[in-house]
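As structure tokens, here come the structures.
The two complexes that follow have chain A in common; it is paired with chain B in the first and with chain C in the second.
Moving on to the complex of A and B:
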């Protein structure tokens, strides 16, 4: 979005959207689909203006236009500021080509480092999401269905404490825990299992543990909320009819808590794949993770268009993941963001 | 259901392991804040010290970052809560055809990775302020507030929407019929009804802003917040002063949670009391009246 064209779009898009909305409501009014007072009649002029301005600013200037600007930039060549909008500023796929094949001067056939990091990030995020679901589900079920009120409050309090410690400090806790002089290595050596300290961080074990740990609670709260709304009588009935415990979970609790499961899984996946703090604190020099590569495109290579392209690759992957989960669970977006 | 003792023990073991996993790392980190060695460690415990807290407060960068984080948190609350409120009201009024598209747009930041929000915010505002000659807006604090507001406003909207859906429109109509103006209805009926949700939204907005790193690290430009200073420290190496910071944050969280719990119990107790009093008054009134005809 460089030059005059960009500015026209920036101003024009919100205007067009406003016109479409006005036209749509006028059409619905005429067709009889909508009744009752109009928007400004219903809210008064001052409040109506506040609503329009606040939502308009949010939807366009904070959400949509920045995303569009990023998409636009990812298709542009890297140019010095003086040449932006000039004759060389043409749309190109160069930044995406770089992700696949590396720089034009490199001799390697594919850009293996980036491609590997990308698939490793996605694969590990899926595994961590599944792992977090498995370890959170029993506790969520217990909290929602069988814990007494006093116990429930206690458990919730214990869960909330780590929730507000920021991501960097959570990752730092694992660094303290797993460092070569850390308590885990002291225990391992003290008990004679190993004679040398084991380098958890170089083996990326620290990173994977830290990532799983960081977003554990994003899994447990949606699960808890969903299971909590299940009527206890349904479980009782199934039990009275002789259903084994795993039948109860597979055919009653899980189908009922589908929106919560989908919501927890998409959140954990998205946060893990987009995590920057844990790889930064717990990653070794040879760690492969996609987000630090994106970061380096911007602030090490200073190639913003390329960084935008890499960010877009990650974003599209996340969108595809969310859509696949929704499709697999047969849910709508509204059901998982409650 | 019959639960065998074996199952019971197995489940207790699971809960224990879960909470050791959840709280153990924080406890170890916390303990290292009180140990003397330069490198954060718990064992061997060489001596109790509070020096690391002193070092933390003497750290100029860290204190500056903390100040900026608090400012940005407040600004985000001031922007996100009104936007979330407007977003929720519009959600209940928008034409059904446009609603799903509108929902998709405003909830999308919740499901977008934080770094992408940060990147897109910087890219857009760099171009926009360059083109419109408003370069002064291209500032780390402003951009961070905008970037964080994208998803925090969505959190606020979802919280407020949940309560707004229980709002009885008849109240509003009654007030209008009795001659109230639109702003009066808004300020004297709608806002008081939404007050608990607005309060929760404000607290959540502040905390989400305060602990955010992924979006902030891109949008902060030349400025600093607590999380970006912390990340910088991690690159240089680690000291127990960082553990000391974690101890303070955990202590504040626990204190806040306990105060909230006490207030909530008190409110619950007061509500029960009020209900009992109302019930007693009602029964008294009923006792004084001729018995109603059986329905």
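Moving on to the complex of A and C:
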């Protein structure tokens, strides 16, 4: 991709994307789906054009193109730079095969180490997402429905400020806290509960704590937003009709906040499954989380095509999983953005 | 039979603010009882106290003779209809109506049967499967009533449920509510700032102002026999004229005002020398050129004549600059704007009440 061809692609594709958007809006208008003043009438020609081009550019260069490059790379063999684009650079499924069956020279039937890490990552991410929901729901409910304004502000500050600290720093802080000479072990031993330091990191407790904490805010805010929009009278009406508190939560508050719950859970699940800092810093010696494996493909094995294939496997699995869960709860993708 | 609801020295305060002061009241079973007052008078607070969402700071609430202290809204024999109805949007009409039964663990077939009967009762038979959002305003109203009636409350509490409807529907729903109440025979406690609603529907009305129940009585009593200046001014249109009592005789008294001496009834037994307010309804004023002929009268200049068909509202200005309204029946001779008239009223149509300190 060089010279004229590259330039045409750089300028041309965003324009094509922009044209598609314009055509789409024109089609909606024709079909009667959209009413009111047109896009350009509302924004003016200059700003309208800017929005269309900027969004087209952004969607294409920042989101679509890198991912497409990854997809493309994942189907190519690992080659020295000199041979790239040469006769040996053919599309292959080798990288995906490796994930399932390991190296061609290995004797094992399946590549168990990677497959296990993969399913562990998905499974633990589900558990952590559920755990996050359990922690955040009561807090979000309190903030949205019963806290005074002053209390709400204080809670929001307390929630947000710790997140000013860098993710890696937070992970190391957990490590210091949970290490064998750390304050928790000192407390445990000082109070006589244990005689020897407990290895929280080897037991993966550190990892799970770090992961649970890392994306708490991504759960709190969608929940808070969703519960906040519930009319207080609905809760009172249910109470007045004789409903016990758990029934109100299960049949009034949660159905109402379903989009927020889905949105929060999707975010936390995706981010946890793709988390890198916490598994690298807090992962026990026996745990193999999937993202460090992907990381190793790129930077230890210098096998970028394989790394790309592994990353895609994780991404596609997560997306499919989320879509299936949304379907199971009868939510459309559009609803979680409300 | 025990009273449906008894309030005994009920006080509700929020911090320094006294929302309800010393409410004492007995509401009988089967009664349609209204609390009438301007917004912020404490009527909603009182309703929430009866339903159990607010615990009184002092005093007792008894429902069906039973003290309600410490009993939450979910365990009281009351059902509340909210101002915005608070129907559950994610449930169908039938599920809404059946919600109270569901949380009580009523078996499904029994529940369905009951919901069906209620749907018939509120004329929504065809709409059970619909979402709440698909219904019209009046239909939503009836769903809210059915949902509340489903739990068979002893007392139904209604918090201005008609205020969101347009005038025509509101008038229709008044009749309907009254009919439903007659049919089910339970106590209705109705909150409103609309005197028309209170007067047309209620057996008895409690007029509230600034947290205090000023007067309790049937519609005729609060309209024709107000006991306080607030009730006289709030219920229906009224003209008020300030003055000082000069003479008292046989339940009547004479008031010395800037407009001259005016005579009216003295039901609260004001004595000579007391500051008082004279209330005269617009429909009790008679226009003529011989005002003093029967009873009291004073001069006024016609400002505006608003002809409404069955009645005509005439706005006049008296010597002090105060405006007075008179309502004339159909067939009366109408004055022209600018015309000087003499306004007269019979002494039994004038009502003297003690002037409050702050007024």
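One rule holds for everything that comes next: the second predicted complex is superposed on the first by the 286 of 338 C-alpha atoms of A that agree within 3 Å, B and C clash if a C-alpha of one lies under 4 Å from a C-alpha of the other, contacts with A are read in each partner's own complex, and residues count from 1 in each chain.
The definition used in the following text is that contacts are C-beta pairs under 8 Å (C-beta built on N, C-alpha and C of every residue); 3 or more make two chains touch, one makes a residue touch a chain.
As the structure is a prediction and not an experimental result, all values here were calculated from the model.
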Side-by-side fit of chain B and chain C on chain A, or clash:
fit
Quick one: classify A:243 as touching chain B (first), chain C (second), both or neither.
second
Could you tell me if A:177 is touching chain B, chain C, both of them or neither one (first, second, both, neither)?
first
For A:207 in the superposed arrangement: first (chain B), second (chain C), both or neither?
neither
On the A-aligned overlay, A:223 touches which partner chain: chain B = first, chain C = second, or both, or neither?
neither
Name the chain, either chain B or chain C, that contacts more residues of chain A.
B
After superposition on the shared chain, which partner residues are touched by A:294: those of chain B (first), chain C (second), both, or neither?
first
Could you look at A:124 and tell me whether it touches chain B, chain C, both or neither (first, second, both, neither)?
neither
Contacts for A:255 in the overlay, against chain B (first) and chain C (second): which applies, first, second, both or neither?
second
Check whether A:231 is in contact with chain B, with chain C, with both or with neither, and answer first, second, both or neither.
second
Which value in Å is the smallest Cα separation between chain B and chain C when the structures are fitted on chain A?
5
Chain A residues touched by both chain B and chain C?
239
Which residues of chain C touch chain A once you look at their complex with the stated criterion?
51-53, 72-75, 78-80, 82-84, 86-90, 99-100, 103-104, 147-148, 151
In the complex, the residues of chain A that touch chain C are 231, 233-234, 236-244, 247, 252, 255-256
Enumerate the contact residues on chain B facing chain A in the complex.
1, 11, 14-15, 18-19, 21-26, 28-29, 32, 39-43, 82-83, 85-87, 89-90, 93, 95-98, 100, 102-117, 119-121, 123-125, 127-128, 131-132, 146-147, 149-150, 153, 158, 162, 181-183, 186, 207, 210-214, 217-218, 226-227, 230-231, 234-235, 238, 242-243, 245-246, 249-250, 253-254, 257, 261
Please give the residue numbers of chain A that touch chain B in the complex, ascending.
1-2, 6-7, 10, 21, 24-25, 28, 33-34, 39, 42-47, 50-51, 54-55, 57-59, 61-70, 73, 135, 138-139, 142, 153, 157-162, 164-170, 172-177, 179, 181-183, 186, 213, 216, 239, 266-267, 270-271, 273-277, 280-281, 291, 294-295, 298, 304, 307-308, 311-312, 314-315, 318-319, 322, 333-334, 337-338
